Amino acid sequence: MRVGVLTGGGDCPGLNAVIRGIVRKGVQEYGFEFTGYRDGWRGPLEGDVVPLDIPAVRGILPRGGTILGSSRTNPLKVEGGVERVRRTLAEQDVDALIVIGGEDTLGVAATLHDEHGVKVVGVPKTIDNDLDATDYTFGFDTAVNIATEAIDRLHTTAESHMRVLVVEVMGRHAGWIALHSGLAGGANVILIPEQRFDLDQVCAWVESRFKIRYAPIVVVAEGAMPKDGDMVLKDGTLDSFGHVRLSGIGEWLANQIEKRTGKEARTTVLGHVQRGGTPSAFDRWLATRFGLHAIEAVRDGDFGKMVSLRGTDVVRVPIADATARIKTVDPRLYEEVGVFFG
Amino acid sequence: MRVGVLTGGGDCPGLNAVIRGIVRKGVQEYGFEFTGYRDGWRGPLEGDVVPLDIPAVRGILPRGGTILGSSRTNPLKVEGGVERVRRTLAEQDVDALIVIGGEDTLGVAATLHDEHGVKVVGVPKTIDNDLDATDYTFGFDTAVNIATEAIDRLHTTAESHMRVLVVEVMGRHAGWIALHSGLAGGANVILIPEQRFDLDQVCAWVESRFKIRYAPIVVVAEGAMPKDGDMVLKDGTLDSFGHVRLSGIGEWLANQIEKRTGKEARTTVLGHVQRGGTPSAFDRWLATRFGLHAIEAVRDGDFGKMVSLRGTDVVRVPIADATARIKTVDPRLYEEVGVFFG
Amino acid sequence: MRVGVLTGGGDCPGLNAVIRGIVRKGVQEYGFEFTGYRDGWRGPLEGDVVPLDIPAVRGILPRGGTILGSSRTNPLKVEGGVERVRRTLAEQDVDALIVIGGEDTLGVAATLHDEHGVKVVGVPKTIDNDLDATDYTFGFDTAVNIATEAIDRLHTTAESHMRVLVVEVMGRHAGWIALHSGLAGGANVILIPEQRFDLDQVCAWVESRFKIRYAPIVVVAEGAMPKDGDMVLKDGTLDSFGHVRLSGIGEWLANQIEKRTGKEARTTVLGHVQRGGTPSAFDRWLATRFGLHAIEAVRDGDFGKMVSLRGTDVVRVPIADATARIKTVDPRLYEEVGVFFG
Amino acid sequence: MRVGVLTGGGDCPGLNAVIRGIVRKGVQEYGFEFTGYRDGWRGPLEGDVVPLDIPAVRGILPRGGTILGSSRTNPLKVEGGVERVRRTLAEQDVDALIVIGGEDTLGVAATLHDEHGVKVVGVPKTIDNDLDATDYTFGFDTAVNIATEAIDRLHTTAESHMRVLVVEVMGRHAGWIALHSGLAGGANVILIPEQRFDLDQVCAWVESRFKIRYAPIVVVAEGAMPKDGDMVLKDGTLDSFGHVRLSGIGEWLANQIEKRTGKEARTTVLGHVQRGGTPSAFDRWLATRFGLHAIEAVRDGDFGKMVSLRGTDVVRVPIADATARIKTVDPRLYEEVGVFFG
């Protein structure tokens, strides 16, 4: 049996651990052979392959990124894309495909399986932890640790100077990284995309902090927005960037807080630092087990499924379940954490 | 309402986060007052208290250890101990007690509640992750990260020199730290207390590693034992220590491997480094939520219960459930991980 | 003898280690007493003091920030400021003053000593390492380690995706942090304030990197400027911030590289994360020794001097020497490092 | 021109950074070609080579260990060894040799140059920082950081429990790692090989610590010895190990302290963890610059020399200067640090 493997979408610590788990178990226990596809769906689309055997996966466990490369190429949006993918698999004698990716990449996998009979097994991947149908995705714990360490360091300044410290973290549609790192780092304000924030409330929290001789730390997800969303645009800062995505809301918020409270504010934008580098032990454990279970699903012929974490067990769910809707922060959880604001 | 809080047993990153969660929510949302008891059960036994209010918990979130101190004092083993604890609580107007601890400490709490009507809520704590009735305990993730980083560093030597590297990690009765850090660190052999190891097999794994020009890394839980357990004693190394507990099995194993394979072996004994220092983000998250839910249980009058992690939810279970039996590594999980041995 | 201590300017890992060194040696070996002044020069100006004895310095060694607080208050710019400082010292029986700070804070110390006979000893402090007359300042090594770790993490993305990664680090007038972290992190381009950069050259380096299938990492000091400095303003991005200081040049540069090369660029702005948190071992060593030698200088009555690192020795130099001119990156050193560009 | 490169002795973070610096500058600026020799002097002795060009050094900067491998083979102790080395160099058209190593490895280099006319340039390497003629060696800063982090973590336990914590660090003949990490970590006792310790004094320091409700942390270099050295042997613990080298003095000391003070003691033995893994930013900077200057010395034809750090400058000194004597801790420096004992 020959199994193809590809990784799609943004990079995420743990991708290599998944690949290693798949190959080690596949070769040693099942006698499978592997074909690595380069740069996500571009690989099978163009027949671009990477050798994938035991020596190829040696030493990759602690390394971030993916030895297979990644891209956002979508064969469903390419003329004759599905047919080209099927032809590549057939020509290269690839019997089944393990697809490691997020919503988009897995969406393609679901379509290829459900509508075109391609034998796929999915492995969920998103730094943002916003995929439904799994308790956690690998990479998330690493991102939260990195953001938490950054917040830890800012407390130093917060205890010695009269400054507002704004940290912008990843999370365009879901606030998991902000919520977890903000709680773990002891932030005084946490703003997430799921709930539009009230700038007056934010400033009130900031002011209350100064009263006990400490500077406030504000953690804001990149996708967070004020209640009056128009003000971001009217303010004229964001849209002059060209890139709203990165240095947007954090810098805007720092400016607003300065204007309203009269206190100096400083911004940290962690950016891609959050999604790179060596995975945490938890992510290596999770990613490795996802790999082991994915190849087991292939061996079982259980296609159209995705591996998923439930408590401490790895189970299988239909790929479609995971991509149907995004997993956002439950308002009750956000409220629970709110006891630490201000 | 006045609530007492104590921490018992070995220290564990996250204890302070629990305390902070309890006090912040208890004061701010419920208007409770708190009494901190010093050094575990010694506190209520001797009436030794620590002030516990909002200022007292400021800045403690990222700090390991416990601001309340800890000890292994057991009031059940002290003449009139139970009565003295009850008297202290009564005299100090303490209505309920939150007990943060492991098997022993919680066992006392269960007895006080079940047999003496003391209003207790438990919070499970063990670095070893071997408490039943909760998916994870806080402190474990931190310990695994520390051990994994140590193993990561040893790979360097393993790739440049012809040496066997033995790492002894915590785990007297359960091999969770060894299993998780060994897998996450890419160890070539993982030995746990749950399964006696075969020294010939260990040496065979070690030898096979040298054939691909890499030195092997062996992770051994402090409680692991060879199949012929007598050999450890006969060998005469262990019992001359006085302390079997710490530098025991790792050094013994390194000696045995040297003798049998003729390769130099080096030992690392991490010891208390694994249970100290700042908690990981995961442990801060878990410990904080445990604290928030414990005080909620007090507010609800739901005594005799312990907070527990189930998937991503914090639930309540009878304290007795957690202390009834130790949670050991499932043989199937150990076998799953075995694909990476050798 | 009673000695006053103050810390001025921006915070910097190691300040507490200096204070601890001063107090431990001063009390234990010389029998001195201490007065801590709060928030830099504001302390003696307003007579705002903090208790400073052995218990006060317990446990502060690994903590960033300063237990004395800091500010940028300058008594030379305050009506009757010098007189008020002298009066405070006299009234509080403070015989000598140890001043820990950067160019501005030490400049005040030099003036107070040279022109007003105040007995001061200086300890140099700058995260930027740009003080002349000392090989290194504490805090710098920590900042470089933090920036290097961030760059390390970005390599992951750089190896898996086709993106340009721009990292903005501290350094308004001197490029030491950029140079050291850029070299240590294996950056492909390093831009420093000392040498205006050529945008075409930067883009050429970026392009050459893509040819070997790796994304380029560009490290830019916050004070770096293009050869045609006007373009930054004409481009209209910087001046719309209100804050040029933080998210300025990095985001601008990323935009320019995107426009010119057609490749996506992402920005990381580390900000105050670089100057907070626990000091590196080197900085704790250096800061502690600075503290020990500063109090020794007070004991010797050697005022108007500043402690300074020369090789592995701590020596004393006139404070004025350190504040006369900024220490910038030697063009030959920048050229030496240039072998790694592109 | 063709240049050979080899790395000898124990591994040390920064070796790969030296190699990368040599090759990048040698190829790009001077047009040199390189031959890598495998496993130290074994390489030229047996003609065992590794390809060494720009692609070979890509990505190795942050990696510990050495891509060339290492060993303790000494051609001076091999029948006809010198002649075989010379023949290999001649046959492979290797004009000059860069030798990266410690006392032994560089000693061979000095002999080959001084007595046999081989064109060698040396790069000093020792984790222990005990090579004379250079302010610091790379790898040392990394080791000190690792040991310091371990001590930091132990403080947690020290603040919560009544235990003595003993940390054994590297340093067989010189106490630099113990001294720097012990100071940086805030240890209460530091024991180094240069000064035999008095067990009564150690116990007195330990006892005094308990009086202020903190547990003491004792850092001991592996080569430290009590004043009555015989007691270690008489005690019968050490010599029963077979390996005095690793778990020796730390465990022995913990036992003695337990017996004499009646307090529980726990031991951490860091072992090879100290010499592995990614180098600190300082070590990457130093190692890279050593590499750049070593190849420059080759270009200048300045053989028989070794690169060396003096303040912030890299200079050249005769290899023999570095190997003539070991650099031990100055008693005055040890005394300076002694203010923190107890």
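For reference, chains read A, B, C and D in written order, and residue numbers begin at 1 within each chain.
The criterion applied here is as follows: a contact is a pair of C-beta atoms (placed from the backbone, for glycine too) under 8 Å apart; a residue touches a chain by one contact, two chains touch by 3 or more.
All figures in this text were calculated on a predicted structure; none of them were measured in a lab.
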item	value
Common touching chains of chain B and chain A	none
Longest centre-to-centre distance from chain A, chain (CA-based)	D
Distance from chain D to chain B - Cα centre to Cα centre, in angstrom	34
CA centroid of chain C to CA centroid of chain D, Å	30
Between chain B and chain C, centroid-to-centroid distance (C-alpha), Å	40
Chain B: positions in contact with at least two other chains	152, 155, 159
Set of all touching chain pairs, with the criterion as stated earlier	A-B, A-C, B-D, C-D
Parts of chain A lying in touch with chain B, wherever the complex brings them together	24-25, 28-29, 59, 61-62, 135-136, 141, 144-145, 147-148, 152, 155, 159, 180-181, 183-186, 212, 278, 280-282, 284-285, 288-289, 292, 310-312, 336, 339-340
List of chain A residues in touch with chain C within their complex	10-11, 13, 15, 63-66, 69-71, 146, 149-150, 152-157, 159-163, 165, 236-237, 240-243, 246-247, 251, 254-255, 258, 266-273, 275-277
